[in-house]
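In structure tokens below, several structures.
Two complexes come next, and they have one chain in common, subunit A, joined by subunit B in the first and subunit C in the second.
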Partner chain A sequence: MLRSLLTNPMALPVVFPLLAGLVCLLLPNAASRLRVWLAALAAIVVLAFVWPLFQQAGQTWNPLPWLTLRTDLLSVFILLGVAFFGLVVAVYSVGYMKDRPHQRAYFTYLLWTLGISCGVVLANDLLILLVCWGFLALILYLMAGLSGPGAAEAARKSLMIIGGSDALMLLGILIYWHLAGTTRMDGAALALDGPLAYMAFLTLLAGAFAKAGAVPFHSWVPSFGEKVDAPVSAFLPASLDKLLGIYLLTRLVLDLFIPTPGMYGMLMLLGAVTVIAAVLMALVQHDLKRLLSFHAVSQVGYMILGIGTGTAIGLAGGLFHMLNNTVYKSALFLGAGMVEKQTGTTDLDRLGGLAKLMPVTFIVCTIAALSISGIPPLNGFASKWMIYQGIISSGDNGSFAWVLWLAVAMLGSALTLASFVKVLHATFLCKPSVEIRQMEISEKKGSMLLPMIVLALLCVVFGVYAFQVPLGFLIFPVVAVTVPGVWWSGLATVLILLAVIVGIGLYWLTMRGGKLRRMRTYIGGEQMQDVYLSNDEPGPLRHVEVTGVDFYDTIEQVPGLHRYYALMKDRVFDIYEFLKRSADYFVQMLRALHTGILPSYLRWFVAGLLLVVWVVTMEGR
Partner chain B sequence: MIYSLCLLLILIGLYGVIVSRQTLKIVVSLLIMNHGVHLMLLLVGYRKNGSPPIVDPGTTIADFAAGAVDPLPQAMVLTSIVIGLGVLALMVALCVRLYERYGTFDVTEIRRLRG
Partner chain C sequence: MNGNMVIVEFLLFPGLLFTAIAGLLTAWVDRKVTAMVQMRVGPPLLQPFHDIRKLFVKETCVPEGGAIGLFLLAPLLGLAAVALASMILWRALLDVEATFVGDLIVLIYLFVMPALGVMLGSFASRNPLASIGGSREVKLMIAYELPMVLAILVPVIQAGSIRLGDLLTAQPPILSVSGVLALLVSIACMQAKLTIVPFDMPEAETELSGGALIEYSGPPLAMFKLTRAMMLFTLPILLLVLFFGGLLTGPVWQRWVIGFLVWFVLVAITIVLRNTTPRVRIDQAVRFFWGPVSVVALVAVVLAWAGW
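Here is the complex of A and B:
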């Protein structure tokens, strides 16, 4: 048994990172550089272990009656993603973690997370999956806590929401066991034919939603992303948790249950709400990492929309979008980490002008931002297009709800673009702030740049060769799809390039010859306030600084949205705050009972005793 | 019927424990409860017109079992009375300590458990 743990190809991706993490833990602090490179090497080895599994899906390993591992086409796809993003983050961390505290714990947790995530994907038993799931939540909590005291509250919130959903999942698994007679996942799918089956489905769904960060279990993601170090955010909420959450969701609708049309409708509704609610919040954020986290929530909505269509093309689109999202969202978070490492802040009001100072980061972030906004020919467009097709073909059964979902999805995409225009402008393009100008900034860190460049290249490759590379190798083996209309990205790309060229041409034509008027600066139809005028250049016409966030603040005052933002400020939709308030309520009730007068406690005892006696005598009769 | 007397004693003690605010009164009430229980145990072993449970040299075991009251509850109650004495001493000592600590015998003024 023990030897097979170390030799079986299916056990190795789980056991090896755990052991490597242990080695990282035991290495003395003097060998910290060795540890860093060891972690990166271990991530490469994990990828090497996963690769043969990927090539030969459909294996099972059953060493003990309760321990079964199995790979199928879906799980090897997710497994490859987990190993790949583990490697990306490990390499990035080599540069990022230099001169930072807690390296020993950080790399240990990184490798353990990698191994346990492989365990989640390989598990063929819901109980084993849940155990790994629980350990992941614990390590997520510990890893978030490494980012300093500011992250403690965010870590606690994440642990409460994910841990609470674990308890729900346990309930769901027990009900599933009761109904299906097994917790193995390769059995027959369960029909949703009664309240118990619905309850099992919904509780397991809650686990998947909490992990992936979808409404109503989303509120840990923004807090986590804002406070916790960027590579951790890129690793956990942006890539691994998406992969695992959507993996569970796909398993639920494909293998474990046969969802009813009503359930599919609910999934699409939640997906649409997730898209629009999160992107509206992202629009008005002032912190780069918090803004990105809201997009991490918003993009989950597309995946759920795609999977919720119940059509093959929608499902393939949802999975493809999950893959694409992990690619570009990781790239954005890693870019944000680079910005934070160089400037010490992610506050959009205090950044600016980084395009010249950090050209590679700028290009990577631009590609990723265009990709997340769904600009052809990048990968975000390819998968969103498939999801749109899925939504349209979900209307084949005669209902017209698809029009609404499609409108919401497209609006969400447009708002995503709007908020990324703000990000790119405020971080990279506008005039640098005084603080930035006084800093020595250089981005010469190969280990940090390499993962970002690879991810940006993947954005382009997955978009341009969508059907040849990612869909052909990864997605279509999982979901057999006959694509209704193959979209050819050539024409749109040419049109977009043409528009850009025309724009540049117009700019040159009108700006030539210095026909300029100097006006008070307007932005979005509003006069700039003096707050945003920087004071470093004295003189009558002071240098005007457009931070790019000013315009978006007015969105909060739009009549219809005003109420929404007010409610969000009160955290009405935050399930964590809701639970905290109800817990407080019960605590207050119990406090009122605790008078501290001992005879009154005794009265409660006697009353309870009499009740017990009464129940027992009634029982005997 | 006689058992209801025991119940009455126990209930009187319970009432005293619940209602009284003085620690010493609670102790006395507990003693009353204690004696109610003892009395009940003795009555369980009682036999009407029974002989004392003493084995004389002449009596056989069969005669003894047919005529004597049950000695077991008596032995137990005797033990319990002694233990009760020890518990009483402990309770009184605690009352004295409470008085030294808080300066009162009134339990409603000792509210360290308040939530």
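Here is the complex of A and C:
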């Protein structure tokens, strides 16, 4: 039994990283370099274990009555994604975790998360899935805690929201079991024909939303992303949690339930709200990692919009967007990690001028930023294009709402672009801050650069060869889509490149062999080095010209939005704050009873005793 | 599609070269009409060509400390995108069958790229005035994008398709109330997309002395000027396809005459607006587009839905 558990190809991706993590934990501190490379190697091995499963989807393994593992086309796709991003982050962490504390725990948690995530995807039983889900929340909490005391509050918040949603999911699973008679996931889909079925659907949906970070369960992501180390953010909220959350959502609407049009409508509403609410917040952030985290929320909105259309192309677009988002969002988080590692800060006010000092990071971040903004022919555009198609065809049944969703989605895309040009400006292009000028910055860290370069290349490849590579290999097997007359991204890329080459040729011809003359920038004819254009006092920390951080203050002042931003600052839409405040309210009521006067406690005591005696005697009769 | 044929189409006709020449001719129309409004004679027909040629023979100066690669690449981005957009539009106009599903979405995104080029180019200059100009370009973009998408959806709703070919063969939206409203919204958005007065705050010569383009000179500046001229030529064609598509019927000469007349009227409206309005502030522009313009666009969408 134990032997088959250890050697069965379906158990290996789960068991192996757990064991490897244990080894990492047991290795002495002296062997820290060994541990680091061992972890990276283990991630490669996991990918190697996953690959045969990917090639042969549709297996079931049932070693114990209560334990079934199963793969189908959807789960092997997600599984491959989990293993790939595990590897990317593990390799990146080799460089990142050098000279950092808590290395032992970090790599142990990393591998355990990898294994348990594989467990979530392979589980064919909702209860097994929930158990893995719970362990993931716990490790997420522990892993966040490694980033120092500043992250404690964020870790607690994440655990509360994800853990709370676990409780909801348990309720949902119980109801599902009551209705369907089984908790296995390969049974017949349940029709939403009564309040109980709706309740099961909505509670399980809450779990998926909390994991993926969609409104209204989103508020843990920004706190988490801001305070926790960048690779952890790249690993959990940016990639794995998206993969798993959207996996559960897809399972829910495809295999477990038959959603009604009303439920699809609700999904699209929540998706649209997620897109716009989060991107508006991202626009005005001052911290790079927090800004990226708001985008991690906002992008989920697109996936939910796509899946919520209930059309094949929308679903495929949603899954494709999930894949693309994990690629460019982890690239951005890893880039932010590089910036933080080299400069010690992610405060946009204190950065600048890094384009010259960190050219590779700059190029990677630019590609990823254009990609997330949906600039053709990069991958973000390809999946958004499919989601838009899905939204449009969701109007075929005569509903009107699609116009609104489409407009919101496209506005969200423009706002995303706006917030990322601000990032590029403040981090890489504007004049460097005084601190940066005094630092010696280099980005010579192969193990950190390689994953970033690979991800940036994927952004390009997944966009240019969208139909051949990611869609053809990974997504169309899951959702069969026939696209009538496709967007010829490959050809368009060739043409755009052609025009750029023509332009460069023109430059070459007219610049007398590419000779350029460098000149001082023209600032109204003044010979000044530092012009203060923001309201801050000049001083050692504000020795910058225009950082770009306050570019969108004008947007913040627009009458309707002003109110929204004010409410957001009060954290009115934060479910964690909301629950905390309501809990406080009840605690206050109880606290009022604690007067500290002994006779009054005694009175309560006697009254309680009488009540117990009365209940017991009633029972006796 | 034949690969070589497409490349020829893209580089010569109806892509890059054709759009560039047509754009510069449109720029002449712009200057001539402006001169007429101001009671001047105006330049000769080939003046815009001479201007571009003159820029190309000038020395290329780049700002000290800027990101030079991006600084030089940014103007090409918009140029390439407009050429591609123009090609997609003209292919649809010349042959209704040569379109693909969702080409309208591709067009909307391609028309964002010239603005993106200006933003990246200005940020790469590392000049505070350019940065402020670039940020205004961004804000302007997010302001007009919402009403523009809504207005573009009006023909889509009426034709029940998001393919240019279907829009060209459907009943022209301009014959309906919603179509007229959406056209008005689109004209306002086009003005902002071209960043010409009253929405020229990214450059704002008097405040920012050229703003986003302050550091540009010589060939890269020529690329920006060319891109802008091509936009002035291509955007009215987009509106022509969207709102007057169905009018382009009958024999070939009739289609060309109707098409040219409508295009000319659209260009003339833009030019007259530019010569009769003062520049507004960026916050006023944002409020204008997110407020009244979006409301009108929304009304147009609802009317289109109701079949008006």
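Just so it is clear, the second predicted complex is superposed on the first by the 537 of 621 C-alpha atoms of A that agree within 3 Å, B and C clash if a C-alpha of one lies under 4 Å from a C-alpha of the other, contacts with A are read in each partner's own complex, and residues count from 1 in each chain.
Here is the rule we go by: a residue touches a chain if its C-beta (ideal position, glycine included) is under 8 Å from a C-beta of that chain, and two chains touch if they have at least 3 such contacts.
What you see is a predicted model; the values in this text were computed from it and never measured.
By the document's definition of touching, of the two partners only subunit B reaches A:Leu590; subunit C does not. Residue contacts after overlaying the shared chain place A:Leu506 against subunit C, while subunit B stays out of touching range.
With both structures placed on the common chain, the touch criterion links A:Leu491 to subunit C but leaves subunit B unconnected. In the superposition on chain A, A:Val460 contacts neither subunit B nor subunit C. After overlaying the two complexes on the shared chain, residue contacts for A:Arg603 are found with subunit B alone; subunit C is out of touch.
The partner that reaches more residues of subunit A, of the two candidates subunit B and subunit C, is C. Overlap of the subunit B and subunit C contact sets on subunit A: empty, with no shared residue. Contacts from subunit A toward subunit B in the complex involve residues 590-599, 601-603, 606. The part of subunit C that touches subunit A in the complex is made up of residues 1, 3, 6-7, 10-11, 15-16, 56-57, 59-68, 70, 72-73, 75-77, 79-81, 83-84, 87, 99-103, 105-106, 108-110, 112-113, 116, 119-120, 123-132, 134-135, 138-139, 141-142, 145-146, 149-150, 153, 156-157, 162-163, 209, 214-215, 218-220, 223, 282-283, 286-287, 290, 301, 305.
Note for the complex: subunit B touches subunit A at residues 14, 17-21, 107-108, 110-115. Contacts from subunit A toward subunit C in the complex involve residues 353, 355-356, 362, 366, 370, 374-376, 381, 385, 388-389, 392, 400, 403, 406-407, 410-411, 414-415, 417-418, 421-422, 424-425, 428-431, 483-488, 491-492, 494-500, 502-504, 506-507, 510-511, 515-524, 531, 533, 545-546, 548, 551-552, 554-555, 557-560.
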